[in-house]
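Both complexes shown next keep chain A, but they swap its partner, so chain B is in the first and chain C is in the second.
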Partner chain A sequence: MKITQRTFDAVIVGAGGAGLRSAIQLSESGLKTAVITKVFPTRSHTVAAQGGVAASLGNSEEDHWHWHMYDTVKGSDWLGDQDAIEFMCRKANEVVIELEHYGMPFDRTDAGKIYQRPFGGHMSNFGEKPVRRACAAADRTGHAMLHALYQRNVRANTQFFVEWMALDLIRGAEGEVLGVVAMEMETGEISIFQAKATIFATGGSGRMFYSSTNAFINTGDGLGMTARAGLPIQDMEFFQFHPTGVYGAGVLITEGVRGEGGILRNSAGERFMERYAPNAKDLASRDVVSRAMATEIKEGRGCGPNRDHVLLDLSHLDPKVIMQRLPGIREISIQFAGVDPIREPIPVVPTAHYQMGGIPTHYSGRVVAPRDGDPDAIVPGFYAAGECACASVHGANRLGTNSLLDLLVFGKSAGDSVIEDVASHPKSLPDLPANAADYSLSRLARLDGQVDGESVHEVQLALRRTMQDHCGVFRFPDLLKEGVSEIMAVAERVGRSGIKDKSKVFNTARIEALELDNLIEAAKATMIGAATRQESRGAQARADFPERDDINWLKHTLWYREDNRIDSRPVHLKPLTVDTIELKKRTY
Partner chain B sequence: MDEHAARLHRLRWHCRRALLELDLVFQRYWQRVGDDVDAEQAAALERLLEMEDHDLWELVSGRCETTDPQLNGLVERLRQV
Partner chain C sequence: MTTRTIQFKIYRYDPDKDAKPYMQDISVEVDSADRKLLDAMVKLKAKDDSLSFRRSCREGVCGSDALNINGKNGLACLTDLKSLSGTVVLRPLPGLPIIRDLIVDMTQFFKQYHSIKPYLINNDPPPETERLQTPEERDELNGLYECILCACCSTACPSFWWNPDKYVGPAGLLQAYRFIADTRDQATSERLDNLEDPYRLFRCHSIMNCVDTCPKGLNPMRAIGKIKDAMVRRAV
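The block that comes next holds the complex of A and B.
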């Protein structure tokens, strides 16, 4: 096969918020920059974000980055790196105002400033009372943000490779990253993108769960490529679940439904939240409600023939309330649950929403991996930002609206670091190893040559079921133990999967098979991380270890693909300029 | 591969969207129609897929309507549960 070689100063994989923000930095500084993306940039999953982006602008009332930092550390259940969190919260105003200058149509106050709304977990004065910190563009914040960033890139002459899929990282003899191998979907042709710097901004891996709010594209490709290249993935056991995704579909039903009086019921019709949270009941926080639902299901009080979901009942509400105050909910229920919520309850389950873990990075966006006793050793030439990266600002649990902020801050800082690193090594491109594309080619050849291959669709389904059943919102020791062996069995099946259609042009079956190679790596990291960590912290809730254990587990998990090796890195408890936010029990 | 088959291949990939709602609707659509999509339907689908995801979802979920006769039939089909 003919392999084209392309050379750039920097190649960015991913054109969501993080990738586009990095690209602006690079292109505007004059570096020759390529952005590779599986879908057109403005179809990246960032479009789905509605809630907003956090910044302590203080436009509606007094606010301070230090209060934002406190909320984020507390939200992270103290697993977040405090230097990275200080960095992000201090930079928030700057990146949000920059975005405004790029043309982002933020909602405004009468005085013309960016309007700010309240959001769960945003507090003033170190946890005292709620503060308005979320900046939004109606209910299309992510969409508006991505469009503003894309337009700015067009202006800066960023070169886009749209409908290209990156397959593998290229590493040199010293472990440095030299670029990626990628496939053009339209032709099936393979190219090498050689670059002085490679930035991953490939988004999340939420598709690993049977019930997921994520679009199909979120298959953890950056994690798969990183793991196959021998580098570790961090803290994947921390996956945020939303309590009410439509059963079987995953589409998110907003908290607002319970706010308007919607009630969760088990198979006996019981309003079970009264037992778990006598005061807040159905309006208790996301993790409390999700865990209560998981317990009802695990103890046999789930609904339906498989007793695997609960019901969200709105039928007692005035139909006018449903139609007027909850627009869209009725359409979602009819489309994806086949029920009209005016008459029948909606089947729901806790649904995977956001990956807190990812490729370990320094707050400068540089990827790190322990080497020669240094837990924070930099991997030369390699950078990551956004949901695929773990800076780690979200620690064990992300605060709403901090993810869009993460994209802007770390997208930008990864770009700045590349500019700095390229300037300090002005020499021409490093040599590629002779066989740079061989590994990817062998994966493609395996897929094309597979005899009697197992259906990609079925193996993917087995993967998602295994993760949902064994590594869901509430983790039980027996289920985790089985889960580890089952996910390894699924991994073997992934290695034998095959496709019938071997054509070249936009072969979705081949793309899905390649995505499955990535999803399985992310899934193993998640399952094995969850089985290893013997404590409950943030999103990791273990029935057998119900408490946080700072003596043994205040550290980041690192998972390596080879032999499923587990290692760890210390949490950075020391911020950049302020005092450490001391460990406390996380209560709201 | 003939041109029409290539066109359908491209369309299938273009049905990968930013919103899960749309991914699910298009998955259902392809399960129903298989490769039984003629040139006229393919053209309608191409036009629909040019839309922004949020607008497309409003259309498919019935919260707004299209006045375009070429798209009407397809939208009806996508709406069928």
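The block that comes next holds the complex of A and C.
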């Protein structure tokens, strides 16, 4: 097969919010940059974010980045790195204002400023009461943001490779990253993208669960490539279940609904969150609300004939608020739940939503991996931002609206780090190893040659069911043990799965098979991480270890693909300039 | 769980092996958990993995799965299976080159979108805070910024079929007006110049297919009317 070699200063994989934000930095700086993306940029999953992006602008009431930092550390159940969290919260105003200048159509206050609404876990004065911090464009903030970022890239003349899929990382003899191998979907042709810097902005892996708010494309591609290249993946057991996915369909209903006054009710019509979080109530952290919902359902207070969901009630809100601030939610409820929330409550259930873990990075966006006793050793040439990365600002549980902030702040800082690193090493491109594309080609050859393989569709269903049944909101020792052996059995099946379609032209069956290769790595990391961590913290709720254990488990989990090896890195408890936010029991 | 079988007739063409396109007859059993056309298409693909189509968010915000459903453009993920009776005929969006099966080449569509300079132009030095905009000024962007670039409208427009290289088309014009309507944008005059041309704007003959087909309920024709108004206003 003919392999084309292309050279760039930087290659970005992924064109969602993080990739596009990095691309703005790089294109505007004049570096020769390629952005590789499986889908046209505005189809990326950032588009589905609804409620807002966090920044302590204080447009409606007093707010402070330090309060935001406190909330984020507490939300993370102290697993977040406090230097990265301070960095993000301090940068928030700057990146949100930049976005407004790019043309983002934020809603407005009467004074003409960016409209802000309350969101779960965001409080004033170090945890006192909910604060309006989520900057919103109706309930389409992600859509408005992704389009604004793409539009800014059109202005900057960014070079996109649309409907190309990156297959594998290329690493040099010293472990440095030298680029990626990628496939053009329309033709099936393979190219090597050789670059001084490679930024992964490949998004999450939420498709590993049977019931998920995530798009089909969220298959953990960056995680798969990173794991296959021998690098670790961090904290994957912390997978966020969003409290309000539409029952049955899984489609997201923003927490902004509760920010605007929506209430969760059980079969008795009771506002049950008052019992679980007397202060924040429906606006407690997502892990807390999801566990409360799962408990209500488990104890027989669920709604519907099977008592298997709860209700999100907006009917007491002024219909004008719904029409003005939550129009997309109304559309989704009518489309996917068959109810008009102006009159009827929406049936909802906790639904897999966001991966807090990912590729470990420094807050500059540089990827790290332990080496020679240094837990934070940098992997030269490799950067990551957004959901695929783990800086870690979300720790064990992410606060709503911090993901859109994460991708702006770290997309930008990864871009800035690349600019800095390329400038300080102006040397020409490092040599590629011989046969740099061989590994990818062997994976493609296996798919082409596989006869009578089990269908990719069947195997991915088995993967998603295994994760759903064994690694949910609550985690039980016997289910986890069984889950580990089942997911390893699924991994065997992935290696033997096959496709009937062997066409070179836009072969989506082949894409789905390659995506499954990535998803299984993310799933193994998640299941094995969950089985390994013997404590409950944030989104990891172990029935057999119900308490947080700071003595043994205040550390990041690292999972390596080879032999499923588990290692750890210390949590950065020291912020950049302020005092450490001291460990304490987490209540809302 | 109740099930039913749906018959499909689907446009198929793989240039790697097919001499010419053909319509494939295929059926699939759906159950009560399958609400949307996309759910059925995913099941069809499980039966025949060579069936090729784009899809991503499955909730009507990414714009990937636009196709021609029983003669009308729409999104597979927002089309209720209950609304479909008899044999369901699926074709690629009309008027664009076909890459394979239901996947069209959207280059021309995006070229027109890019031609209207779809980004805010404001040459004042950026202030330290946001540029102010009243809620009423912001409301002017409603019905415009929500576009998902699915191309249902432009590929339903006969004027776009005849002149895809010269006529901007309803999707591009809707976005052109999105920036004209934005009080923060300073390039209205340049934007109007860019459209003052027998083809770029004035090929719109108010056929209204765009309004009829938009899966997001947007109204490109009204936006086109407002651009024409702005041109008249500056001419007098």
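Assume the second predicted complex is superposed on the first by the 483 of 588 C-alpha atoms of A that agree within 3 Å, B and C clash if a C-alpha of one lies under 4 Å from a C-alpha of the other, contacts with A are read in each partner's own complex, and residues count from 1 in each chain.
Methods note: contacts are C-beta pairs under 8 Å (C-beta built on N, C-alpha and C of every residue); 3 or more make two chains touch, one makes a residue touch a chain.
What you see is a predicted model; the values in this text were computed from it and never measured.
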| item | value |
| --- | --- |
| Touched partner set for A:39, first chain B, second chain C, both or neither | both |
| Partner chain(s) touched by A:334 [first = chain B, second = chain C, both, neither] | first |
| Which of chain B and chain C A:456 touches, first, second, both or neither | second |
| Chain B versus chain C as contact partner of A:105, first or second or both or neither | second |
| Larger contact residue set on chain A - chain B or chain C | C |
| Partner chain(s) touched by A:48 [first = chain B, second = chain C, both, neither] | both |
| Overlap of chain C and chain B interfaces on chain A (superposed complexes) | 39, 42-45, 47-48, 140, 143, 186, 215-217, 249, 251, 328, 331-332, 335-336, 503-508 |
| Chain C residues within the chain A interface of the complex | 14-17, 33, 35, 45-46, 48-50, 52-64, 78, 99-100, 103, 106, 110, 114, 117-120, 122, 126, 128-135, 137-138, 141, 145-146, 148-149, 179, 182, 184-185 |
| Interfacial residue positions of chain B with respect to chain A in the complex | 1, 5-6, 9-10, 12-13, 16-25, 27, 52-54, 61-63, 81 |
| Touch list for chain A against partner chain B, complex | 38-39, 42-48, 140, 143, 163, 185-186, 212-217, 249-251, 327-328, 331-332, 334-336, 338, 503-508, 511 |
| Chain A residues within the chain C interface of the complex | 39-40, 42-45, 47-48, 97-98, 100-103, 105-114, 137, 140, 143-144, 147, 151-152, 154-155, 186, 215-217, 248-249, 251-252, 328, 331-332, 335-336, 455-458, 499-501, 503-509, 512 |
